[in-house]
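Please go over the structures that come below.
Note that subunit A is present in both complexes that follow, paired respectively with subunit B and with subunit C.
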Partner chain A sequence: MTQSTDAENKLREFVKFSATVTGFSEFDLWGTGQAEAYYETAVNQEGQEAIEKAMASDPSAVPADPVVGSIVKLWYVGVWYGPELAGRMDVAAWTAPGRSGAKPAVPDDSRPEGSRPWLAASGRHQAGEERAHGGDGREPLFVVSPDAYTEGLLWRAIGAHPSGAKAPGYGSWVNPPVFED
Partner chain B sequence: MSYDGTDQVVFPAGAATQTSAAEAAQGEWDAVVVGGGMAGSIVAEQLGQAGYKVVILEAGPGKDLDLAEYESYLSRFYGAVVKDNQSPYPFNPNARMPRSTDTMPVDPSTPRDDFYLVQEGEYCTDTTFTRVLGGTSMHWEGKALRMLPEDFDLRTKYGQGLNWPLGYDDLEPYYRKAEAELGVAAEVEDQAYLGMHFPKGYVFPMHRMPLSYLDQTVARGVDGMRVTLADDEYTLQVRSFPQARNGVPNAAYDGGKGFVPVGAVSTSQAEEGERCQGNTNCVPLCPVQAKYHSGKTLAKALSRGNVEIVTQAVASKVEINEHDRRVAGITVKKYESLDSEKYEEYTVKGTVYILCAHAIENARLMLASDMQRMSRSKLIGRNLMDHAYLLTWGLLPQPAGTMRGTTCTGGITDLRGGRFRASQAGFGVDIHNDGWGWATGSPYTDLVELVDKRGLRGRDLRRTLGNQISRQLLLAFMIDLLPDSSNTVTVDERYKDALGNLKPVVSFKIPPYTMRGAAFARKLATDIFEKLGAEDRTTYDKDSYSAVEHDGQWYNIVGGNHLAGTHIMGTDPAHSVVDHTQHSWDHENLYLVGPGSLPSIGTSNISLTMAALAFRSAGHIVRHLRAAKAPAVVRA
Partner chain C sequence: MSVPEAEPAPDPKIKTIEELYDYLYKGLQLEHATLPPYLTALYSLHPGKNSDARHVIRVVAVEEMLHLTLVANVLNAVGGKPDLTKPGFVPNYPTRLPCGPDYFDVHLRPFSREALDTFLKIEKPPEAATEADRFVPVDWTALGLTSDGAPPPPAKLAELEESGTIFGLVPGDPAMRFSSIGEFYEEIIRGINHLEDQARQAGTTIFTGDPARQVTPEYYYSGGGDVIEVTGRDTAVAALTLVAEQGEGLHGGIFDSQDELAHYYRFQQLEKGRYYQKGDEPDCPSGPELNVDWGAVYPVKPDIKLADLAADPEILAAAKEFNQFYATFLTSVNLAYNGRPDLLLKAVWEMFRMRDSMNRLIRNPLTGHSGANAGPTFEL
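Moving on to the complex of A and B:
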């Protein structure tokens, strides 16, 4: 057996923890090919210490450590929602795949009073082509990569496929849904 | 034909960039077409086939339609943090498009780059159109319904709206042409309702898209449901929608010759674009090109040699000869790149000019060219229409497989027509296979709610998501909106884009006739949810830009991206902008081809009708050119 490096151990710990909070097996998580990118994202955004603290936190605590929520959502949809965006339904709606029409058609009022709509910026940024930067240099919201989107676990959880990828084939929609779990 | 049974369309490599604006300006063209979308591509292809030299002026980026470029759209969509319905397409400051991210009231002090559509009123529509090669057909959903026979004489029949200068029977052969070009999948037996008729023996090119499990679930409750409206009784039924997307070809098509679906467009043979695979992503982009986009028509046109295209050329002025009011040329601003505002101006000249830039851009261009001054009807930019969408959503008692299929396979169309239209708008009902996404931002909002608000983790989270999202039912009511001369596109010197072109100023309100239909729709949704045992979860937000009050109730009416009516057709120059051939009443060598010509939109998505009209007009333009180019008869 080869010697594991410290970095590899940390990554394994992260995936092990992620399996508990996402409800998917470690095998599933490694299978997305996103483990390293997600671990790197979380550490870059929140710092090593905050991630370790989140991983050691009591999952049933109320309120839970918001960083845990960020990690869960990262695995489910490939989007990094910084902990300051926890519970922001408006942000969630804008980041969901476009589908039928312009959206959100019926905005939610969860944006805290006085907080800046994060898309209140012009041109490329408004169109989502540039990342938003928080005041402290962090980036509170981004898609980790195009692959992170298509590898989201959410779609497997709902017996579907990512909108615009991994299509199940002509006529597959005729039959009742099948849930893996 | 390729191994997968599709007809491959090869886009000539380099065609998007090989004709420079300078060369185009020196050329002698039979026809100058503004816009390479559905209408422009059909007209160009037809004129090219008839032997005429055509140049298309396209505002969008100068990229060939090939798989690599198409994949870049898809990759941009996957990676975009804001996944609105324009997210696959590059941000282009020089030919911007409206986006739901910039739907808001603006004034002249709002930073120029914050928005494209100028809306100053309280109600703002989030409607969009797309400015890339292929136009809005890249983004459209692909529903391809015909208009009802009664839609063509609504004024005579019900005292509402306007009559068309032509009827269903005049357009019927062109509907068939459009159904062939777009590759429509449907069955006549499903579509022969409310007076829609087809020649004996006609079959659609492909068989109907199968109804989703969700549609079937709704049908179990809805089929046979009775509704009384204006003293008439209607029986409801879930029906499949005709769709311009590749399915199973009907062997009986064209007297038994069958139909070969058109596959993906690329600069080389591409084994893609076969049958719809169920990507549930028709809007904003079909990943496999199973859905028709006008690149399929454009590639044919460009391959034949008579048609050329100049890209990154934004039409900025229609030059008019003051003496005889003929169009003397189209001036374009040819920009260098998407990252630079540098441009050069050229004027391109031809025998006839055909504006195919979509309802808002056609009007904007003409108004920016000061053409209202010469319009006898003064109706350029007036009668702007779009379907008014009312969304209603509920939670079904059992998982119904939501989030699978094409965006929409079935719906209820029995209330599209009838005598009730004398007092309230008709509507079609879409059953959305993509769940509550449009209304609420599901499934991401469900995720955030369960993770952050309810603190769910692990298997509990996974199971709850599956159970909750698979039960979502969204009924979208697509409601008729009549021509109203106070719904307008105008221009205003205070609003200009990066190239100095005037931006479109849109003033749009939802009329009471439409809202009476919306109020009825809301009640009908409640009844349908009850029949299905679904929990009604619909809420409306009166603080939103889409809020409309009617009879003391607030609703949200959202845009349908079915923009029409800014240069309506009619029988006389005092009350319409074009005649039944889409020929301008005021400029002898000008045609305005596109949804702007529709005098009403009924309850059918506009593209198929627009395509049918484009085929019909192309025939008239050929006759016009033949006459214009005939040797003059010299009398002694």
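Moving on to the complex of A and C:
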């Protein structure tokens, strides 16, 4: 009982912190239905200690704790970018590998020579599969789940919907995007 | 619906066109009343899980919207005016539906075995065996509404009838109710026949409504069942019969007259863990297996009210906003039913936005109600 309450509190703290750094309300973050999956992802990838350190850091600090960048990006696009990749802007780099499938459309120079993270993220993994922290289990780049993509905050931020999901109704495209407060 | 033909034609309860309007308004209120419970259960399913349950509930909910439209078409055809914006049109849940000798409570609650059991009861109440069984005395004490079994005083009774707290009462007779919703629609069909016979003898008709007020198929797309344009007695009876049989199936079979699996059997698939296929007998689905993950559900607080949200200002604000949006949505649908059928297409867009708002509410854990989540309250 105490244990589950403790887990619940940790999750609530994570959402609270995420609201501060994403600019969305706690209500909106819970509303994605991804809170548990994201917290689990962050902890599995970076470890409890690193997450707690990030959550204790000054959210307005420049540069922010690198893990904070990963958490913000996670909420916006539903993709885990390890801290070493969180600054990258080229989402297409790994979603659209070159025709051969062997290298990304955009050269990845953020990684040390010889390291090819896009191979690790090429869809071998199924949603829900655990990605353990530490050792070889760590992955710098992957989509958390099929729903994570549709629940990305970016869609609401730009008043759009994820293509191929959450359809807003036939013909609704005659309307301008609906921006929320 | 099951009355043997040998019995003499009974005296219809509906004797005036105004009484017919009242019954049809009640029909609109009733069809709508199933939607908040179905939608709450539907959106309580965890994203990415329970695709079978999601599909089944969704199809039924969409067809309930068809029923609402069909009843509106009948009301328009006989010169009435649908009004989905009347105070009390949306029930204060739980509401009560008649189920043979008993009433049962219909709650707003998450998908569960109990919720599924309620859905099965909604769609297929026991049938009346005889003409006399079509009506049952109202047990006001069992309903908790009076202590001595007598009907409530007229003002209170009027309020109850208006508010959708309890369905199936016989208008004008507070001591009696219909044994089931099917019998309620049967009475409407008898009333239409009676009034139309009278009108024809006088060289007129009760179908005096403006045909432009009908919602016709070009304004209605659903994937389950076609909207029927009501222009006279035959189409009115066809529309109301479809409403009744789409729930429970036709002539004891599992399909309705449009070859759609009846709602009762759709829900039963979730109970039995197997799909029906063509040729199956009732209660014995032989199609592919399906899986229900009863645990992959957000624990929406049953019959949640705004008053439960005092400790969660963000959720409270979103729940109020949802209720306002829902009221606006009903206003749009009402305009569509009052001469602007083209607006129904735009109302579909609002439905998608409502879906997203409901999802957000349902995924939010409440403060101070351990293990319970928020949800839409439907308090308008």
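By definition in this document, the second predicted complex is superposed on the first by the 129 of 181 C-alpha atoms of A that agree within 3 Å, B and C clash if a C-alpha of one lies under 4 Å from a C-alpha of the other, contacts with A are read in each partner's own complex, and residues count from 1 in each chain.
The working rule: a contact is a pair of C-beta atoms (placed from the backbone, for glycine too) under 8 Å apart; a residue touches a chain by one contact, two chains touch by 3 or more.
Keep in mind it's a predicted model, so treat the numbers as computed, not measured.
J.: On subunit A, which partner's contacts cover more residues, subunit B's or subunit C's?
T.: The partner with more contacted residues on subunit A is B.
J.: Looking at the overlay, does A:20 come into contact with subunit B only (first), subunit C only (second), both, or neither?
T.: After superposing on A, A:20 lies in contact with subunit B but is clear of subunit C.
J.: Can A:151 be said to touch subunit B (first), subunit C (second), both, or neither?
T.: second
J.: Have a look at where A:142 lands relative to subunit B and subunit C in the superposition and call it first, second, both or neither.
T.: first
J.: Taking the superposition as given, does A:170 touch the first partner, subunit B, the second, subunit C, both, or neither?
T.: After superposing on A, A:170 lies in contact with both subunit B and subunit C.
J.: Of the partners subunit B and subunit C, which touch A:28 in the superposed model: first, second, both, neither?
T.: Only subunit C; A:28 stays clear of subunit B.
J.: Residue by residue on subunit A, keep only those touching subunit B in one complex and subunit C in the other, then list them.
T.: 127, 145-147, 167-172, 175
J.: Under the definition above, what is the set of subunit B residues touching subunit A in their complex?
T.: That would be residues 74-87, 90-91, 93, 99-103, 111, 113-114, 126-128, 141, 210-214, 216, 247, 275-281, 283-285, 287-288, 389, 391, 399-409, 432-434, 437-445, 447-449, 451-453, 455, 457-463, 465-466, 469-470, 476, 539-541, 543-544, 546, 556, 558-561 of subunit B.
J.: Okay, in this complex, where on subunit C does subunit A touch?
T.: Counting only subunit C, the residues touching subunit A are 46-48, 221, 314-315, 317-318, 345, 348-349, 351-353, 356, 359-361, 363-365.
J.: Write out the stretch or stretches of subunit A touching subunit C in their complex.
T.: 8, 12, 25-28, 30-33, 127, 145-147, 151, 166-172, 175, 178
J.: Which residues of subunit A touch subunit B in the complex?
T.: These residues of subunit A touch subunit B: 20-24, 59, 62-64, 66, 68-69, 72-73, 76-77, 79, 81, 86-89, 91-109, 119, 122-124, 126-129, 131-132, 141-143, 145-147, 149-150, 153-155, 157-161, 163-165, 167-177, 179, 181.
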